[in-house]
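Next come two complexes built around chain A: one with chain B, the other with chain C.
Let's look at the complex of A and B:
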């Protein structure tokens, strides 16, 4: 290789260096966090800082609030994924035509996704106000009793799912729509000529093309749902009575309400592990089904 | 045949309208609330006709809110600038290089996006206190790189990969170095994609709550913290809250209309070959 080529190849390394430095910089607090999870350190004082191995983790798994939070998290993640994918593919199918109406709709569609989740939570908290909110007013018009929405342990989680869906359904929809638009028109025409109905066309022609998009949307949405924080912190803070106390919230509270840095890190590292396992599984699974897969 | 089709289309359009309504009406409701006087806001049944006032906006802009807005602009703007400087060349390198571990490296960058932020933020809380970075713009900007940088690299790399190889070859034949190709070939050609990467990164950073919640203080609170605080007082100032929410939502709404075409491609580009 000529000297000039060698210098040029080095240029690539120079180009990537700053980004590497910045992101490796993030590993420092992370490593420190891992260390902290193995101690009993408190947040504001540097006393009582002894190494206690996996005691935090053992206590965590024995803690009923943690287990409740895990249960709540699983219900939340599975539910929002199902709801958002079913609605998402429906709307994507509806928008899969080239009209002025659908074009405008597609622009408006993404607005909830782009405003701060805090703002979205505020919006819905207002609408869901149990005493004189708009939603309960609408229910009263059809003689349905006032719904407790975010204020009751039995309804709070479901209410946060509605908010999460309002924000992120556009995300799933635009990705699935992009998938639908990538389906080969020739294959659809051929299927129509063979006498297939809409459902059969969807199942045997469109769906295979959609698979990588489903995996992509599922990967991002699943990982984000597991890490849910903003919506719940802005609406219920985990209540009422632990009914929405997902793990990311618990980690925050353990750290900043109870100042238990060690156990807080244990919770969030467990959460990190869950997201890691989830994303690895999805990516690996996507490679099995489809040669293209995600992330090549 | 035509009648059945047009009935089907009307039904389809009606359903689209229903979903769009669900997605847009809440925003519309808060927006109208921001122009209501207090009596109209707490009126029950809810009032749809009212005499508007800009008093709420006046109050909001007379309060600390403009400071929060400025903080967000500085933090997010700074994060995007640094993210672009560090991220665009890195994305180019990942698109062009022949390293053996290239895909692993690319995935490592992406994987930062999947980590629960608190795992980094809690230790950073203590570290920042020591380094005197707590409640500083630099501290906040650096932290925001955690979301901004992986996004910019991921999306820009995708768009750089889309640049036709022939153009790259031609530039090499002309003796262009990597830096020259980046500057004169790749950036110009991929510029719509780069812009969309910047916008997606901007929104992700602007909308973030947790970083500001933990690492910002009196001087650097972003607008998301401002909104959050307006919800936690005993007596909620509904009108001001609606006004500040409307203002905080403006970048998102503007970008939604502008970004629509590039948003999907930006998200899917790194993962799906078309």
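Let's look at the complex of A and C:
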């Protein structure tokens, strides 16, 4: 047994070695990024690579554009989560039946997930073109619009939320649908026998079952939304003015337009911290809920 | 047997030594700065392979059909990657800053080169031009370039000065200045003459559209990036006497001239452009005018003319005229833009890269690209070529109109602001202030003065 145990331990070490190598591969650039964020590094100048402690972070928090970007990001994340979960639960509930229509609908539902986000964003940009876009034309048929969509500071952020929802709603819906399909049929039958209507069955039987799935989808979508870049960069590039200039856009501009590596890394690390804190909070809350036996 | 083995070993060592020497000499691909002759040969880098990064632009369509000629002439394989301007700049920055040498040669501009040259990421090209073993000096005829265009690619690396001096960092492939493109039928219908001053343009701006939304007055680019105060709106700024750095050496973005120009520009756009005008890129402006939706393209690039005149891309080919930009309080001034080609200092194919640069900017290849839609010529011989003359003479409301306008604008066009590695950022901030004014977030004075403070910090003044 001792020899067996030694063999097992050796096998374990061999199997986790690749994972450790990958981890090192991720840690080294991460630590390098932390170091860069503490310097005044500019890519085009070898002379500007001095250690300046937390000056980049101080300047970042004192910068009104950064604070505006943070505000825009919070609005974007909270809004898309609310919109996508309300719509996601609604659509999942509607698709939670076994008919030919729902079978076809489920196939159509995944189409946005197959299109690269940048391509989808550019398609929507064309649809939303203010002077001759299809969207304004369709709205004009019912005497609505025209709207500026992505070209006005007052509507640009909302327009990007529409695009983000179109792309990622299927992801949320599929997770919630799988949750709904795991609801115990016995409990539903029992509720019906007790005289519960559809809404009461959904509220008191299905929804509690869905909570872990909501946490799961919320964790992924929330982290994604905090890091959002492709939808916004493809359509507005952070404009008009700074109405959609979320933090990832700012980091990209600092690093790739203006070659300010130090400032760019400071923003990226701040974003990393936000995603980490968000994910940790969701997981802890989910575990707390489990420990309290709130899962039926 | 032992003797035979010894002979084989000696022969092997000698063979290896010979191969090593031959290999070293044939693999070496760097240009000696010794200008004392060697016969030039286009095949001297045969077997090499180079990677070229191009920016999505009519130049790309004009050069791609010719690449096979280069490959046949030199035996050098060319791999071309074409990206939209923003993406190309950003991907190039990643390559240059890491010195990976993924791209040997790339399409760039003096503006970007201020940063690249400061960082040592591009090779100065003077040494190749002067070296007759790598350049067919007579056929290349460097004096055929318009001095201003070649000079715009020279800089001595001193921030905010030294333009036209020092090393040559790129070779120009086309030149651009700005003009009015208009629809003669619309002007006639409205009983309007082409505006000669900005005052006249402001007066007629509200009447250029049809008022129904199917045709608007004018279009110009207006996204919040450097090209706005540097090129198109920069042309108007200069005509009002506004500039980036004043005569006192301080940032002058908030001068009265700049405020007046900004207010007038916003006024023109609000009267004559659709509500989404505050976010139009240069591509939107070019395609918008070509689609026939606008009566005028305002201070837009003259090198959009090949697109306007191409029936496959434009609905206005038979109804288009060209005019010089309006005069402002400081007369008629204009910006200029040069696309150029430069060499990555991390290239592992120096000679092959230089041969490509030499070929693509040579007199006969340049003429072929102009005939394929790459405008405007940067060499005197190209303008004198009968085929180029015949092509452009048909452009405009009257024969030769386009050429006359370009020639006239060429007398006033200049690189508007002095070199600085942070010039792009400074101009982005300026553009943001103009855009804020358009959208009513503060007055022109408030926004420009705020921008001036920030730009002063950026430029280190």
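FYI, the second predicted complex is superposed on the first by the 284 of 296 C-alpha atoms of A that agree within 3 Å, B and C clash if a C-alpha of one lies under 4 Å from a C-alpha of the other, contacts with A are read in each partner's own complex, and residues count from 1 in each chain.
Criterion: a contact is a pair of C-beta atoms (placed from the backbone, for glycine too) under 8 Å apart; a residue touches a chain by one contact, two chains touch by 3 or more.
A quick note: this is a predicted structure, and the numbers were derived from the prediction, not measured.
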item: Partner chain in contact with A:29 - chain B first, chain C second, else both or neither; value: first
item: Residue contacts on chain A - larger count, chain B or chain C; value: B
item: Touching partner for A:152 - first (chain B), second (chain C), both, neither; value: second
item: First, second, both or neither for A:257, with chain B first and chain C second; value: second
item: Contacts of A:132 with chain B and chain C, given as first, second, both or neither; value: both
item: First (chain B), second (chain C), both or neither touched by A:221; value: neither
item: Partner chain in contact with A:45 - chain B first, chain C second, else both or neither; value: second
item: Residues on chain A lying within both footprints (that of chain B and that of chain C); value: 43, 132, 252, 256
item: In the complex with chain A, residue positions of chain B that touch it; value: 12-13, 15-16, 19-20, 22-24, 26-27, 29-30, 33, 42, 44-46, 82, 85-87, 89-90, 92-94, 96-97, 103, 105-127, 142, 145-146, 149-150, 153, 177-179, 182, 203, 206-207, 209-210, 213-214, 223-224, 227-228, 230-231, 238, 241-242, 245, 248-249, 251-253, 255-257, 259-260, 263-265, 267-268, 270-274
item: Chain B-facing residues of chain A, complex; value: 8, 11-16, 18-20, 22-23, 25-26, 28-30, 32-33, 36, 43, 87, 91, 94-95, 97, 101-102, 105-120, 122-127, 132, 134, 137, 166, 169-171, 174-175, 177-178, 182, 212-213, 216, 220, 223, 227, 229-230, 233-234, 248, 251-252, 255-256, 261, 264-265, 268-269, 271-272, 275-276, 279, 292, 294-296
item: Touch list for chain A against partner chain C, complex; value: 43-46, 129-132, 146, 148-153, 236-237, 239-242, 252, 256-259
item: Footprint of chain A on chain C - complex, ascending; value: 86, 89-90, 93-94, 97, 115-116, 118-119, 121, 213, 216, 223-224, 274-280, 288, 293, 421-422, 424-425, 428, 432, 435-436, 439, 441
